[in-house]
Amino acid sequence: MTLAPLRAAARSHRQRPVGLAPTESPVDGAVLVLHDVTKAYPNGNVALRDVDLVVPEGDFVFLVGPSGAGKSTLIKLIIRDEIATTGAVILDGQDLARLARRQVPKVRRKIGIIFQDFKLLPTKTVRENVAFALEVTGTPSREIGPAVDRVLALVGLTAQARQLPGTLSGGEQQRTAIARALVHDPRMIIADEPTGNLDPLISWEILQLLLRINELGVTVLMATHNAEIVTALRKRVVALEDGRIIRDEEAAAYHRED
Amino acid sequence: MISFVVFSLRRAWQGFWRNAVMSLAATATMVFMLLLLSGFFVVLTGLNAGLEFVEQKVEIVADVKDGAPTLAIEAVQARVAAMPEVASVEYVNATEALRRFQERLKQQGREDLTTALDKNPLPGSLQVKLKDPKVFGNVVESLRADPSIERVQEVKNLIDRVLTVTNLLRTGGVLVLALVGIVVLFIIVNTIRLAVVARAEEIEIMRLVGASDAFIRWPFIFEGALVGLIGAAITLGLLALGAEPLGRVMTGFFEVLPLQLGALGRDLTIIVVATGVGLGVLGSWVSVRSYLLK
Amino acid sequence: MISFVVFSLRRAWQGFWRNAVMSLAATATMVFMLLLLSGFFVVLTGLNAGLEFVEQKVEIVADVKDGAPTLAIEAVQARVAAMPEVASVEYVNATEALRRFQERLKQQGREDLTTALDKNPLPGSLQVKLKDPKVFGNVVESLRADPSIERVQEVKNLIDRVLTVTNLLRTGGVLVLALVGIVVLFIIVNTIRLAVVARAEEIEIMRLVGASDAFIRWPFIFEGALVGLIGAAITLGLLALGAEPLGRVMTGFFEVLPLQLGALGRDLTIIVVATGVGLGVLGSWVSVRSYLLK
Amino acid sequence: MTLAPLRAAARSHRQRPVGLAPTESPVDGAVLVLHDVTKAYPNGNVALRDVDLVVPEGDFVFLVGPSGAGKSTLIKLIIRDEIATTGAVILDGQDLARLARRQVPKVRRKIGIIFQDFKLLPTKTVRENVAFALEVTGTPSREIGPAVDRVLALVGLTAQARQLPGTLSGGEQQRTAIARALVHDPRMIIADEPTGNLDPLISWEILQLLLRINELGVTVLMATHNAEIVTALRKRVVALEDGRIIRDEEAAAYHRED
């Protein structure tokens, strides 16, 4: 793996004791760097505390932790749905906290987002749902058709392209959502419990797909409760608890193994 | 850029028809409101024309002394006409005055008593029209000081009274129109918001996939404009249908008023279309805004 | 039962304030609409009073022959007064006719030419008021046939014309009022629906835990009634504030009209409150209905 | 177990070949009987076909099956959110298909319903959320307080009674939902993927709670994808696939074990 040195660097960064002065240069080759991030919601809930995280290009990261640990909050910071109270969230070299509002859409196109509840438009076909992501970002229409076909082939939905989401299985709906997330060639896929609504078989199917996408060079960050999958895949695991990162290991399991 | 406009227009069109019930409800509200506005506008214009007509009628009447020499009268006339406040001065001699009086009586279908008269009881008079009925200057004083003038009719009070009312009515009319305008705005915004709320999911997805604000906003704005445009068209159609029979009845009674129906029609068309589209756009803007601010 | 009402009222109150922005928007719409309705109602009532006044003025005038004996005149008077269509018959003799004519001239501030007359040119006349200005029967024919009557003025045509206009205006007014009513209904329903949509989640939970339709519906209906009631109260307050200065200006000009302001105020209060509450209730009913039908 | 004979009867009923004339008497002691149920949605999707199911009083049933198998549809029929196209759904002796609309609320009070997404009102405290279910069903207010306290104690939320759902962990939110479902003493608890949003630890916590409630005599029917839990608990498992019941076994696992 050519990514190994980068990842080692990333890890050494992660193991830096909390509270040091902020590093001036973002870690080279990292798609995502969180530095000393704290997030307090307006009502006073502190969802994240002093979070440091470096995700190198091409990494596959499971984000685990009990309910309320702050996984979804972390993801919202990365997609700039929320803004960190303190600290820096640097995506592809840009600090999301200092980003002008009108720059946000451009940054969002660098990531693909997948949710537990698919978020498909029920009145559009699979094809239209995927094309929608390109249309609304101003892609010239002649480029849309080929891009959509390519990504539908990738997720294996070419045959279902003309069906409405309501006529699809949960797995097929999630694959549609993944196709939509992939269609403008993101550098990173962010998934918040993508298998939460799916049965074990289909969950595995979705994971296989995400792994294949990762092999194509796309970084994947996935929050999940699915212990079986996390433990079986032996990927990098970042565990949150009470808003803090309590564990960050390569080739790890869902639960701490000591 | 062009493709953006095409995209927005296409989505506006789709959006309008996808949620047809909501869109038609918004359009219907728009039509009602524009009709209301048109009604107020027509009434106000009529009122205004009526008021102007009344104001124009207001003049200063100076009765000429019996037997005053024509030369002296002409001198007064010329002097007054030269005053900056005065629009025109007409001399109506005694014979003409009687003729006009008789004519007026006849017009009103009243008994003509003057035929029973052996001599003309009416004096000649100078009828002064002012440029601005509110500005008298010292026209009245100047007339009164002239030896060939018998007396100047105390029209100032009457004029003041008329002006107070006309101004009041005018202000009231504009106020009501403004109020109705606000109501219309408020209601259209609410109606369109209802339509936007129904598409909250779509907006959320657009934001998540990285659509810029313009791509989210403009389809809705065009959709609002569409609602306004269709509403305006329907309103104008209804007005055109209603104008003919209504106009026929009205002219019989108000032909005294110098209403130019052509100009009114043009103004009304502009107002209805501009208001309709403006409200539609504003309504969409405000409704989408809350989603984009998140 | 009582606890159900208490529960519903409490929840209506909570619901109103929980989503205060929406509720106040609905209330503001309600106020605007009720003001509009009140305005139309007042104008219509004024118009109606004016029309009735005009209609009452319509009468048949029969000029009496010069020198007809008083007895004969009284006989005609009695005969006509006995006819079922007739409300009253007044005999105005020549002297009285001249006095009234002079008075009218003075009131209008016009030249009194009659002082120059050496004899009274006016005839005496019988002034007939009809019970219903539309029903003439053969009053005119009967008068014409009488030998002591010089001529009967051709008022029928005039009456017909006046009646056509008054009926037209009245019908138009009611039509406009009905139209405004529909608009108001439509808009209030939409506004309240907006408030109900915002609470869809709550309704869903209520249905899931087994709340009966009444428990879901009545809090919303009371809430709608509350919006209507508050809207009506504000409207009446604004009307009361505006009535005094407006009334002062108006009476100066319209005191000729037999408008009973007391009765108008009472009617208006009833109409505003009933319409407000009615619309609020109806709006809620319609809005909640779609959720309950599921 | 005193329920054994009933359950045996139920099973024999289930094994009756499909297509026989409907039994005239509902199975005695069964809270829920589905007989020859078919459900076609208006758009033509057939979600359930010839489903026969008997759930005796006090039973604990896992409803499993791949995505789109019809689990949620089955649950919607039981809570009468949808009406069976053909066949009978008999809850506590009443056929839901023949129920007048105004009778529905009364039947709903016999069951407690739990969803994956909790469905709590965010502006009400835990206590108010639970009390709400009693208020809107016309319970006299003096009875509400004690009932709510009792059920909050049962689910272990007495300490959190005054908190808003937003300040609770997912497990606590789900326990609030369970408290609400229990508060008017239902004969049966219906849960559609109640642990779908929860991490494994909290999922187990919720399952423990449902088991305890079941031991108190309340019938539980739970649709789930959580294979680990189903297999570990060895309860009755009803497996759906393509709208048909393909397996109905006591003390079974998530997957078929032959």
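Order of writing sets the labels: A, B, C and D. Residues in every chain begin at 1.
Heads up, the rule we're going with is that contacts are C-beta pairs under 8 Å (C-beta built on N, C-alpha and C of every residue); 3 or more make two chains touch, one makes a residue touch a chain.
All values reported here derive from a predicted model rather than from experimental measurement.
If you take subunit A and subunit D together, no chain is in touch with both. Distance from the subunit A centre to the subunit C centre is 68 Å, each centre being the mean of its Cα atoms. Averaging C-alpha coordinates per chain places the centre of subunit B 25 Å away from that of subunit C.
Subunit A and subunit B have Cα centroids lying 62 Å from one another.
Counting partner chains per residue, subunit A has no residue touching two or more of them. Across the assembly, subunit C contributes no residue in contact with two or more other chains.
With chains as nodes and touching pairs as edges, the resulting graph is a single ring in which every chain has exactly two contacts. The complete set of chain-chain contacts reads A-B, A-D, B-C, C-D. The touching residues of subunit B, counted against subunit A in their complex, run 3-4, 7, 18, 201-202, 204-213, 215-216. The touching residues of subunit C, counted against subunit B in their complex, run 25, 28-29, 32-33, 35-36, 39, 101, 109, 111, 113-117, 119, 121-122, 165, 168, 176, 179-180, 182-183, 186-187, 190-191, 193-194, 197, 249, 253. Residue ranges on subunit D touching subunit A, taken from their complex, read 43, 45, 64-68, 116, 166-171, 193, 196-203, 225, 227-228, 254. Chain contact summary for the complex, subunit D toward subunit C: residues 79, 102, 104-109, 113, 119, 121, 123, 132-133, 135-138, 140-141, 180, 184.
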